[in-house]
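In the two complexes below, chain A is the common chain; its partner is chain B in one and chain C in the other.
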Partner chain A sequence: MKRILVVDDAATVRRYHRSILEPAGYMIEEAVNGIEALEKVAYESFDLYLVDINMPKLDGYGLLRELRTRDMPQAPAIMVSTEAAGRDRLLAYQAGANLYIIKPVKPDYLLDCTAILLGRLSQYKSLTMIANYSLGILH
Partner chain B sequence: MALKKSLTPTATPVDERRIPRDLAGLLTALNDPNPLVRRWSARDLIQYPTAAAALIEQLDHETDPSVNEVILTTLTHLGDDIAVSGLINCLRSENVWLRNQAIEALKQMPNAIAPLMERLLNDPESDVRIFAVNVLESLRHPHVEDWLIKVIASDAHINVCATAVDLLGEVGSSRACSALHELKARFPNEPFIQFATDLALKRIGTGCH
Partner chain C sequence: MISLLQQFLTEAREILEAVGDQLIGLETAPHDAARINELFRLVHTLKGNSGLFDFPDLTKVLHSAEDLMDAVRNEQITYTQTLADHLLAAADFISILLDEIQTQGCYTAERATEAQTLITALRTLRHSSDVHSETTPPPIEIQSGAPANSLLSRNTPTHQSLLKTLAILPESERMTYYRQLAAGMTNCWVRYQPEEECFYKGEDPFFLITQLPTPSWRRVSSRESWPALFELDAYRCNLEFELIVTAPIDELFEHFRYIPEQVIIEQIVLNDLIWPLVGIEKAGIALDDFIRTAQTRLATNDLTGLRHAVRTLLELTAPESRIASALRWLLLTTEITPLAHTIHHALLASIAPSYTLSDQNATPPAAAINTTAALDPLCFAVQQDILTAARTIAELTDTPPHWAGRMHALASGLAGLFTSLDQPTAVETLKIALEQSLMTGTATPMQAWLAAQSTSIQVLTETITAPAPQISPISNGTHSLPAARNGQHSSAVAADDDAKFGRRAEDNLPAPRTLKVDQGKVDRLMNLIGEMVVAKNALPYLAGRAENLFGVRELAREIKAQYAVINRIAEDMQDAIMQVRMMPVSFVLQRFPRLVRDLARKLNKDVQLTMEGEDTEADKNIIEALADPLVHCVRNSLDHGLETSEQRRAVGKSTTGHLIIRATTVSDRVVIEIIDDGRGIDAQVIRHKAYERGLIDEVQLERLTDHEAINLVFLPGFSTAEQITDVSGRGVGMDVVRTAIAKVNGHIELTSERGKGTRLKLSLPLSMAVTNVMIVRAHERRFGIPMDAVVETVRVPRNSISIVKHRQTVVLRGRLVPLVALNNLLGLSEPPHANDDDAYATLVVRIGNEHLGILVDDFRETVDIILKPLNGILAPLKGYAGSALLGDGSVLLVLDLQELVSCSN
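Moving on to the complex of A and B:
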């Protein structure tokens, strides 16, 4: 079973993401900020990180930057933000995110993004889906 | 085998505090190239109520996180209008760390931030309104619930409402029920709003049907 670490200081957001991902067969662990996430990563391995940007103590950028410098198998990361500004997207990718998505996240979109990054979809289906989202056919 | 004590000389606070500790000396030290000197200056300026403006100015270009941290602590302690307004300006910063630290600092200043909260919650930038709601998270002030109810009743931006409803789930009472129901109706196709309001209504419980 694929393991996902959901990092967000808002308890409702963590529960929401869990409510979407768990029924789809993913095992969910939660952390309330970057520091707690790093503590978990030190003892457990994850297949995907779902990370908020604005968090106290250590924000999402700081967390990903730290994870990407570590000598360990690198899992893909989705950065989730309320900020649609281009500069935040750029910073997210520079920090090591593989995908940047805007809150509030629609369940199907989150499941599709997760499946793509975990290689659960064929390349053809992944590309078709990305194209559809880009064109606004899917939300 | 006995452990040898390290003989490496360590910097003592005295080294970094060689500059006179009067206001003029500390303001000079705030621009010292050595971050340790700047840090001690920011710490010692806590005894000068008129230092807020200089500290705010320093925040604008200070690159050392440990100095910034001390500046924010000193500003929180000073707590005057200049300090509060400087911290509010940090909410507009592109530096996420600084923004988050300012939010944490403002949470410690309920009496100073309260008169400005209405204005912050009506800021033209949705991100600033979200950060204002973040400030409410552990602000010990009797109006917190009222402010949150007003946000979910009137703010047009979904993420501002989402942040507020998340917090109402923790601090809300039955007074928030009708605003929560109205929010659900206002965003019928937004699964997160539906999820978060249901959760808040469930937590509030009796009297919320």
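Moving on to the complex of A and C:
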């Protein structure tokens, strides 16, 4: 089972992400800030990080920069932000994020992001989606 | 040699089990094509097998189930909960039939009526295909006799199949067809699936295909994946032909008039050809101005102006982008079909998702506009987002300390993306690129890799749209479409094909090579090894005798050396046979998804089951002993622990209850935890119930900690359920659970937090074959005590023993431990012997969740023994776990302390 570490200081956001990801078969761990996340990472490994930017103690950028210096398998990270600003996006990438997404995250989008980054999306899904959307538009 | 029937029954059970697995799997992923196909295949196999015997009802039920699954597989009907329920019911019914056949050789006559009910239900489902699309007519298949007007029958499963096929054609080819259609030609898509037995009916599918007017595209694929060569039935037709033919639909119906049920013909209409638009998302241009212009021109029907704007934008747009594709289509459609406003609007909308139709004069169907925002499949967008991000990251010029880590992370994300696209080759080259980047310290190799992926972006997106493998395009003279693809792609395909041809069919065999052996044989082998382990223990004694009795020290040493060798081999053998007997706990866990699903539905609760560590292994006996207690515990959790959705919502929990079954190996024990996040156990309620039932007295009522109170549920006859349900019976079970677990030397622990949930922890030995016992002496006799129960051995000075409530007790590590002499337990009159320091040898053992000190005369060594239950006239003796043969040939009686203590009470 793939393990995802959700790092966000807002309990609601963590719960929201959990409510989306857990039913999809991921195991969710939570951390309330970068420091706590680093503590978790020290003795558990994760397949994906879902990281908020603004957090007390250690923010998302700091967390990712620290993670990326560690000698361990580098799991992909999704940076979640409320800002659509281009500067944040660039900072996120510089810090070591793989993807930058804007809150509120749509469940489908989040599920697709995690699935793709974890290599789980099946061809079939793409195929049926194309068919469905093609049908949807003109019929 | 087992009979064919026996073989059938064995296999049928295996298949049914797999069917169950697939059905449960589909619960969570109802559109998983692989599962649906696998389910169909299983049912199909089972039906085929049953046909060998005269069990008409069995076969008929399977046949209806197969028909139903076939319809699901071909997307004529959708997989629903109701459908799953019926299939599960059918599986249960078949399982009953199999049981009856097994025991009686045939099933009872009443089953025929039940079968009929099931068949009717399954058939009804099969023919309820129109629920799938309420407003559209059923798919055109030819059995209706007269060719249907395909233009009326859009949005059918058949039509979806057509679209899937069209989706794999390159844009340029679809544009050619578009031109042809607009010019009045008729292009039809034909899918022909010859019957499996067609070769016996004098049919020649290939000939039939070649007799058609020359198709502009065709391919042959297999209906289901090819079996391994040695299983392949060459006389069973497994082909599927697909063609696009320029011919009137009536002519095609005429051509296939003898086999209408095997053919689907659909006339291609203009709209079919446009979608999907493929290409990378990012076009790198500002669209706002264009959209505004285009909108105005479209509204005023200024197509020339619109086309001009489109051309200008197209020059600025990366040709491989999706927007460019949309623009090209816009160009084509405005030129060839200037009146198709719906299409123009939809295309424009697909260019800019924010586009809204401001002009009411040209009113395309509302649905077209509403759904355009989502024109591109979301996952497509996500893939493009990830790719775009990856390019940005690769082009970052800073070199922070975490640069290498960032590269690794980039690569792992990309590996995920390309794995999800099923491009293992790309993933491989990615690894190389990453290594090169890390070695050179520059991002250039990664950038190059990304660029390479971008130039083949068309390939990438085609891969997404291409259906499963097994496609072998047949080359076809002048009109071969596959050849029209770009060079890079076709060469890649060719390389792929080469690779496939270079392998033998056997190479693709699923690897596990297993041997099915009757358990009796393994047990016999284990007994023999056990005897050898005991027999070899005689060698040290022999060596001792040789030295002491006969005085040949040299021989004694040689015997000891030889003993060491034999000992090592014996241990290895023991280990090996253990491995054979080991099986994963999934053997018992696999029934739970179904059980939980059924119970949850029955109790009207929303429960999500998570199972972890299913591959944890333990001895077969242990695993089997686990099955019933586990079922009981899970039932309890569902019935008493987890609340209904309403109750959960009322206390602010998520409406879905969670049940986790987790298996882990902790040193030489397997630990199974059953965790729910339900209402938990109210210790106060338990206390009072126990008091009401006279299980505890007033003093205990006051004094028991919550933890101790909760564990009162293990007392015999304890039940707190306010109403008796048919799910977990009368709640008498927990003492039974504990007894069953204790029988295999396991123990059980219950923790619970009110309102938060309950955790039940079962801990069992990995194996029971060899028991580690401590030998103790009592009144000049030797007894074995299983080490599982032993907590520690201590010497208790006589003067530290005090009498509390008429019982001898001692305080050990701050804990009051009651003492009892083994002699008393065994009914021997002798008092226990103290040693020279006036201290008693005391064995602290765990009985249930209590510690008890047992006074013995002396401790001796611990030995590994093969425990044999007492049999014959000794069998009814209580208090003994069994007997074992020691190396010196003497017999050791092994005590069952739990039983012994409860006897003496």
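The definition used in the following text is that the second predicted complex is superposed on the first by the 121 of 139 C-alpha atoms of A that agree within 3 Å, B and C clash if a C-alpha of one lies under 4 Å from a C-alpha of the other, contacts with A are read in each partner's own complex, and residues count from 1 in each chain.
The criterion applied here is as follows: a contact is a pair of C-beta atoms (placed from the backbone, for glycine too) under 8 Å apart; a residue touches a chain by one contact, two chains touch by 3 or more.
Note that the coordinates shown come from a computational prediction; the quantities given were computed from them, not determined experimentally.
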Q: Identify the partner contact of A:R68: answer first if only chain B is touched, second if only chain C is, both if each is, neither if none is.
A: second
Q | Contacts of A:S19 with chain B and chain C, given as first, second, both or neither | A | both
Q: Scan A:A77 for contacts with chain B and chain C and give back first, second, both or neither.
A: second
(Q) Quick check on the superposed pair: does A:P56 touch chain B, chain C, both, or neither? Answer first, second, both or neither. (A) first
Q | Touched chain A residues, chain B compared with chain C | A | C
(Q) Looking at A:R87 after the superposition, I want to know if it touches chain B, chain C, both of them or none. Which is it: first, second, both, neither? (A) first
Q.
One more residue to check, A:I35. First (chain B), second (chain C), both or neither?
A. neither
Q. Which chain A residues are contacted by chain C in one complex and by chain B in the other?
A. 19
Q. Okay, in this complex, where on chain A does chain B touch?
A. 10-13, 15-16, 19, 53-56, 59-62, 82-83, 87, 103-107
Q) Which chain C residues qualify as touching chain A in the complex? A) 28, 31-34, 154-155, 159-160, 163-164, 167, 271, 275-276, 342-343, 346, 350, 367-368, 371-372, 374-380, 382-383, 385-386, 389-390, 392-393, 396, 398, 400-402, 404-406, 408-413, 415-422, 463-468, 608, 610, 612, 654, 656
Q) Contact residues on chain A for chain C in the complex? A) 1, 19, 22-23, 25, 65-70, 73-77, 89-90, 93-100, 108-109, 112-113, 115-131, 133-139
Q: Note which residues of chain B are touching chain A in the complex, please.
A: 94, 96-97, 99-100, 103-104, 126-127, 130-131, 134, 158-159, 162-163, 165-166, 169-170, 190-193, 195-196, 199-200
